[in-house]
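Next, two complexes with chain A in common: one pairs it with chain B, the other with chain C.
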Partner chain A sequence: MVAEGRAAGAGTGDEFDVAVVGGGLVGVATAWGLAREGCRVVVLDEGDRAVRASRGNFALVWVQSKGLGLAPYAGWTIRSSNAWQGFSDLLKQETGLDVSFQRPGGFHLCLSEKELEARATVLKRLHNQPGIVDYKTEILTHDQVKAMLPDIGPEVVGGSFCPLDGHVNSLRLFRTLHTALNARGVTYLPSHRVDNITKDGGEFRLTTPHGEIRAAKVALAAGNANMRLAPMVGLEAPMRPERGQIVVTERLRPFLNHPVVTLRQTDEGTVMIGDSKEESVDPSGLTIGVSATEAERAVRQFPLLANVNVVRTWSAIRVMTQDGFPIYDESKTHPGAFTVCCHSGVTLAANHALTIAPMIARGALDASLVAPFSARRFHVQAAG
Partner chain B sequence: MTAAADLASSYELVVIGGGPAGLAAAALAARVGVSTVLFDENPGVGGQIYRAITSTPVKDRTILGEDYWDGTRLADEAKASGALIVNGATVWSLDRQRIVGVSIAGRARMIEASRVIIATGSQERPFPIPGWTLPGVMTAGAAQTALKAQGLVAAGRTVLAGGGPLLWLLAAQTLRAGGKIDAILDTTPRRNWLQAMFHAPDFALSPYFAKGLALLREVRARVPVHRVDSIEAVGTDRVREVVFSKGGVSQRLPVDLLLLHQGVVPNVNLANAAGVAHIWNDRQLCFVPVLDADFGSSVPGIAVAGDGAGIAGGTAAAERGRLAAIAAVRALKPDAVVPDTQAIRQSLQREEMGRAFLDWLNRPAPSFRQPEGDTIACRCEEVTAKQVRDTARMGCEGPNQMKAFLRCGMGPCQGRLCGLTVTELIAAERETTPDEVGYYRLRPPVKPITLAELASLPISEAERKAVER
Partner chain C sequence: MFKRLAESSPAVGIIVDGKPVSARTGDTVAAALLAAGIGHCRTTPVTGAPRAPFCLMGVCFDCLVTIDGVGSRQGCLIPVREGMKVETQLGRREAGR
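Take a look at the complex of A and B:
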């Protein structure tokens, strides 16, 4: 596979139906969907030390809170949440690998009455939006939460619960998708950072340090780098990268049957704690005080964690569009060019593989599903 | 006993590691009035080479040898220098701003340093053979730790396997302490002698020459030595046999304890996490920090001394510690009177002279560094060599992507026991160099701390706001 890839990179005249730019979760989910549609696909990725949001994700398949400010986003998220089980079954059939998708319902826990009030207000505003899909998130008291999460501490005053929330093993998902791509003969080219894209006649030409790649269509799934790439094909992707930090513990006996938005126990037993947001875009930096805050809140939420060892912390840059909602677009000036750009690459993986990829394979996005996610919305808002 | 709460919020010099480099550095700096703290993880100073120098129950000086007892002087000098020496202090974080995260007895502190000298020394090279994770298989270094710290000598049928000076030293020390060794399996490839002989003249002049020869003679007189090109530990619940072969002929020995050793390599974890640039050293087959003549790293104010700067042994480590300390003193107190560096550099050069010979001679064969099949590469996450090789062939280019695919390097050891193996396996599959492949990018904590310790650290309003909502 690598040898084959090198040959293609060296410009042997191999031509692809679709070049997917970006080898993260959004890219590989889209590429897998395209391969299922029978497309000849090449995935162009950066190298080992690239800034990779996919390596830093929190692995939630999350519904609650999604859609405040853009109601259709709630429906789009629920669509993916509902498609996830089938998506994971398909992957298991192809690769034998189980990505451990579970949808037991998830919590947002509050450590003060003020936090709980703020939480209730957000949910109310969300549900008051016209056209919103009801996803049955409820506010629960301490006792109601405790009935489902027996290990919560006394400082947890309550929280919200949404039965549609779930999680997966996201690193295994990443590996599974790569394995499936490999099995389907998709060409994966690491260290092929795309420097330029032009359209010449009927085909796109993508310039990389290892030669030119040619493809009939191009799907931009390069995360924050879409901001640089999209204008090359007459599209736009206004981004505002945001740094998040995660703390991971040693393995523990299973104690937590539901994911919490800031804390979850993986199928392997480790506990991940996260959900910080910083404006800094230095991916190699790490703020110990932020990790300390995450740890402090985690111990207040689940006191049994106090004496558990932390084995890793890390920071990663979130892919974040300027308003936080996905961008799916097709180019008017460069027909055959698409953007697939969003923050929640795990939650929306099922949609990217099973809904977006077939649209790209057909050559046109289905406006009835994704029109609200065009980057044109930024101009409408600016005008308003 | 210094508690975390007793520490000042900042020191002019923080030295990390209490082996020869750290002790010499702290002593030199503190003596000229630099406010110095030395953090050492162990209950007493000495590092690995002089482990338990102030407390060892092994009082017969001939057992551990006079080189070991050289450590007494270093420990005494450091103690008398006025440096604050804190044992049981685990440094788990260091950043480019020289903020040191340290834990003492379950309490964490963040300490500011004007200068930092990392003296975290070496660790044993991973030696991934079939069965190396079975109970009853240990490293020679672990056995030597038990001897120095507790006076324990292996009982039962014991086999040593591998190569490098420490293997022979442990054999001699074990025999002198009344222990018995059933066999030594020497993995040194015969062709290494060809490379090494180019450097024999220098080696003949170095202090290691006479000592090394005497050690080999002492051990060979009492233990059968087999030259081998493959080793396998066999057993289900624990190691029962060691199977080895030479030229296609296989032999088996029953064994209760198999001690493996394949030389030592710099312990790069803390320097790596601090952002210090490293480069592949093809002679020593490991990553070493990129350093200037005073052992200053690519991160301003952070130096790496001792074997962490590249393997050169205990005496050289102390000299390197002194040079790093002199550079720190000159930066902090330009008027202070420091020893002449010329004499120290000459002594260091004498010590380093014989290294080329030892390095080339003890270079492990590829088959002992790049395992095949179901042999475990990453012990924490139980990742096999085959999985790493297959994933590299699938297009995974480096160890950081490999972590995402297979979780190797993500366990409590933070890649110490698999980092070099994974890099070398990827390089072999990609037909490129380890330097091109690179190493794990490490993040704090480089040693585990509890959530409660992390939670107890100071938190600013902005840091709290980054999480609460």
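Take a look at the complex of A and C:
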């Protein structure tokens, strides 16, 4: 509400080094990184009713499985996973808030020999790619899993384990980043949906319902809306949003020491069950059958969940590029315009704050790190 | 604090945290606890604050207790039965109980 008050003055003379479009996790992580570089930053966000993945995500900081089809994505993910502890320490220093980052290693559990075989095949294909970084994911038998997760049921035939996997309290991360932005004097403007962007001389002009914002650079971090915004600055972001559903239980005493890709126990005790995928883009709907299937699999994995009470379910829209990999780009036609777009806004938050933001502050992406993630990959011939 | 309006219905014996408590047929677990002067039936999972039955109609979930070994039961929705074992639920429920 304070920010709303500042909104009135924002279009009337304030000038910014960078306008970050999008106030979700990707936007605020990038904005915080930019502020750390000394930039004067404005974050242009939609209102409270925005379709916002940052409020509905599953909160894993996840490595295993990432990179099949684009090997550098594995290395990029590991870089963020390795930077995460330092990132959360910095946030704690600045805000006093603890986002409960933990990296005990995570599991993918299989409920049949067929699933386990398929899992092993995926990992083999992933690891056989040229240039892949080894992230030490192993296939474990039922007994090996049971030694680390004593409460698994007899139907769990085995699974894969990656020591780099972890999780975080993502709602607290979202709040912490906003707190840190505020403390660093970043201007946050809610209800400033960007309708148009033009470049005029050395300056970007962003049209919003509450007036025009001017900035030397623009970082597009608006999730699925990047599809609409990117062409305004000579970029592209082909997206295919997807819906996911999450089931949340009452708070329980700690029993799960490692996150599972579909099930994790938060620092406050609730168990989140998720990882469904639907093509729908209606964030207000909920398919009961999907929640039931998620819950049924969770009980087969951990039978002690059978009579636990469910306190919430929700659905959220995933930010998803057309091939599922991130897009980082800088505009040739509109120098100073960048896209920061990805599905894994939690996992990659450390990279966005500590690696991408400094590149944007300098005015150029470092091709040695992010060239594979240009949207030019969607036009193989043009890129060649 | 609470007084019964009538003592007409037959007595039912339940066990609360190991001690015998006398209730009446038709009491809910929550009513029996209140009538017995038991100050709180659970503590909250995060701050450990004490809670007692509040709405008595299934809405507030402040009456959660462990009944016959099953955690997080709503005491205000469950009638007492002879020999029923009720336990104060301290903090987070244990999964599997």
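Operating definition for what follows: the second predicted complex is superposed on the first by the 372 of 384 C-alpha atoms of A that agree within 3 Å, B and C clash if a C-alpha of one lies under 4 Å from a C-alpha of the other, contacts with A are read in each partner's own complex, and residues count from 1 in each chain.
Keep this in mind: a residue touches a chain if its C-beta (ideal position, glycine included) is under 8 Å from a C-beta of that chain, and two chains touch if they have at least 3 such contacts.
Everything numeric in this text was worked out from a predicted model, so none of it was measured.
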{"item": "Which superposed partner A:H178 touches (first chain B, second chain C, both, neither)", "value": "first"}
{"item": "Partner chain(s) touched by A:E294 [first = chain B, second = chain C, both, neither]", "value": "first"}
{"item": "First (chain B), second (chain C), both or neither touched by A:R125", "value": "neither"}
{"item": "Partner chain in contact with A:H379 - chain B first, chain C second, else both or neither", "value": "neither"}
{"item": "Per-residue contact with chain A, leading partner among chain C and chain B", "value": "B"}
{"item": "Chain B versus chain C as contact partner of A:N307, first or second or both or neither", "value": "both"}
{"item": "Touched partner set for A:F255, first chain B, second chain C, both or neither", "value": "second"}
{"item": "Which superposed partner A:G269 touches (first chain B, second chain C, both, neither)", "value": "second"}
{"item": "Which of chain B and chain C A:E278 touches, first, second, both or neither", "value": "first"}
{"item": "Footprint overlap on chain A, where chain B in one structure and chain C in the other make contact", "value": "250, 268, 305, 307-309"}
{"item": "List of chain A residues in touch with chain C within their complex", "value": "151, 250-253, 255, 268-269, 271, 302, 304-305, 307-309"}
{"item": "Residues of chain A touching chain B in the complex", "value": "1-2, 5, 47-49, 52, 54-55, 115, 118, 171, 174-175, 178-179, 182, 188-191, 247-250, 262, 268, 273, 275-278, 284, 286-299, 305-315"}
{"item": "Chain B residues touching chain A - in the complex, by the definition given at the top", "value": "93, 95, 99, 101, 110, 275, 391, 393-401, 403-407, 410-412, 414, 430, 437-438, 441, 443-445, 448-452, 454-460, 463-464, 466-469"}
{"item": "Footprint of chain A on chain C - complex, ascending", "value": "45-46, 70, 72, 91-96"}
